[in-house]
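Just dropping this structure here.
Residue numbering begins at 1 within each chain, and the chains themselves are lettered A, B and C in the order written.
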Amino acid sequence: MHVTEKGLEFRASGVVTLTTDFGLADPFVGVMKGRIVGRHPDARIIDLTHEIPAHWPAEAGFWLARSFRYFPPGTVHVAVVDPGVGSARACAAIEAESHLFLAPDNGLLGAVLESVANPVARRVDDQALQRAGVASPSATFHGRDIFAPLAAELAAGRLQPADLGAIVHDLVPGWLEEPTAGLREVAGTVVTVDRFGNLITNIGSEAVGAGHVQLAELDVGPVRRTYSDVASGASLALIGSGGLLEIAVRDGNASQTLKAGRGARVQVVR
Amino acid sequence: MHVTEKGLEFRASGVVTLTTDFGLADPFVGVMKGRIVGRHPDARIIDLTHEIPAHWPAEAGFWLARSFRYFPPGTVHVAVVDPGVGSARACAAIEAESHLFLAPDNGLLGAVLESVANPVARRVDDQALQRAGVASPSATFHGRDIFAPLAAELAAGRLQPADLGAIVHDLVPGWLEEPTAGLREVAGTVVTVDRFGNLITNIGSEAVGAGHVQLAELDVGPVRRTYSDVASGASLALIGSGGLLEIAVRDGNASQTLKAGRGARVQVVR
Amino acid sequence: MHVTEKGLEFRASGVVTLTTDFGLADPFVGVMKGRIVGRHPDARIIDLTHEIPAHWPAEAGFWLARSFRYFPPGTVHVAVVDPGVGSARACAAIEAESHLFLAPDNGLLGAVLESVANPVARRVDDQALQRAGVASPSATFHGRDIFAPLAAELAAGRLQPADLGAIVHDLVPGWLEEPTAGLREVAGTVVTVDRFGNLITNIGSEAVGAGHVQLAELDVGPVRRTYSDVASGASLALIGSGGLLEIAVRDGNASQTLKAGRGARVQVVR
């Protein structure tokens, strides 16, 4: 790594992560990978997840912000989740802590921006697209036609972050506020629902303490250690394996039982 | 690439794509990859999809025909979807546009044959299997025991397409006709149903024009620009992100609501 | 391969397989891969499956025992399925037939132990974790914090199996007994349920013969050749593509119809 005035500079490692809402039943993820290896045969492509809900880019940013440090410096992280796909939305790029993030400029990267040191944000301009050989007007599938070629050129080291465009300070803001801590409470949000229906919040264990957890108007009680601390069918709050506060129903599906999902407000009252 | 009398010759790039009906819950896809890297450690294996319905090989060919050009020349595309697996079905191989396709000779590759320039088709013979070290009689799981070794040898460049067998002109025909255009209508088929229940047809946007769309006896109306052009719960036709005509229900599941699925006939009447 | 007194020695090939209960909707599998390529950029990582039920590690061992020989010698097989994750459970390592297996010491590897020649088992000790740079006390997510770094060091050849710890003979026993054969019957277990609801047993075709199959108290009849040997809606026993006895319902879901699942006892009475 090369340290400059603005911190750890990005030096491509050849690793590319992919985060999308494409699912794995259709060939769209495979096609993106085809375009990447066509331009950079030595790319090592790693799927983060392809099950982000299409209407909820916030979840992509949430996972990226909590995952990227487990990848080697010089990784290019591509996230394509955009309710407005096909529109003329620009691509946002963030360089931080020797990693590079590419996503539609729709607020997806908000959680990354808030959690990194000294981020440098850019909006990808036409000159960068031309250097990457991307014919912008004809693009209909941005993951394949814009993000894949850009990621390949960046991962190959043929394109540098500074080539992407001018530094900007007005990326579209994130979808979720980071949790806010008051004197007597911490307020956060349900960011995702796992496959068991558990509601995963963006409130970290360090912020929880001995407080009572509230989901909208519902008192979920104190944070428990394990499911067996409550009766079958009862709701409970606990810290999940990722170190985040989550709300569950023992032997049940919290999202269905409590009729709550992504975006629901959660408070911890001390 | 090497240009010969018959066009762009196949030169192995080391990239292999996989398309199957195995799903990802069982280890069968992983086992195929194990056999490939055991023979060719430098293979770069990319999943196209493993969610093709077992009884519907047509969908594998459909996706391959529309995806393969996004992979580098010299890619080996393996597709294993066969309602008659375990039978003595031969393997078909098609060389076209510097790509190579391997699949059971059950019509799976029909869409590829119809969409490429100057295809060269072969049926894999016993001599080729022997050269690839495949003991044909003992094979029970063709993906693992026949297709994976063949793909590895081809991707490694140790086996050439011409080694696979004599050129044939009688591969089993495809499952679907390409759309037919009459004076006043275009007729096509629902090729796949996406995870939202949308019915994806094989009719391209260029063939649609200002016509009315009919699904069997149901008039779905003109092609719309967006979902919001109809009321919630209403059916509509629109062009999907892949450039294909699809039939959807706003805020609903078209396949369930309209009781239609793969193979249903669709007409555009001008 | 290097042959020693104790058989074929493990020499890292750089291939790593992953088997977990993480699913693919969350980024946990991707994060494990990030840690592996961060330490060993040339690792070739292959997913076996990430859909093992969390409470049923036996299925991971079952698939591993039946799959590992299709991977090249020198493969590191990592399996992380542990109902007691976060506990102070040690890691078990088994070296056998030039392959290396890593898993929680919770019986997961029982099926592997029973199916290989001359296994050498170890429990990973603190010294090995230190050599791999793993800070054991702070670990909360074992797949990411312990198994991924260990696998990377082993796949890179910087850590040898003998470095992992002393040889032990008291790994936690497997969850399932291998099928037992009496004079007139073979007894086994449903190991997994596939996505169609078929009940897959651990009884191999060679043990079945012309017997009658019983699922708990239910007589499923003789082993059939194909689904069409029974009426729609009827249950039947047959040999699946993996060479294992399975119980199905024609045009139906056997697990739901017969109210049976993983762990159910199956007998073949001759």
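Convention: contacts are C-beta pairs under 8 Å (C-beta built on N, C-alpha and C of every residue); 3 or more make two chains touch, one makes a residue touch a chain.
This is a predicted model, so every value here is computed, not measured.
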{"item": "Homomeric contact chain A-chain B: same or different residue positions, threshold half", "value": "different"}
{"item": "Chain A on chain C, rotation in degrees - Cα superposition, rounded to nearest 5", "value": "120"}
{"item": "Length of the line joining the C-alpha centres of chain A and chain B, rounded to whole Å", "value": "32"}
{"item": "Contacts with 2+ other chains: residues of chain C", "value": "24"}
{"item": "Residues on chain C engaged by chain B in the complex (per definition of touch)", "value": "13-15, 17, 19, 24, 44, 46-51, 63, 66-67, 70-72, 75, 194-195, 241-243"}
{"item": "Footprint of chain C on chain B - complex, ascending", "value": "23-27, 29-31, 33-35, 37-38, 41, 85-86, 140-141, 144"}
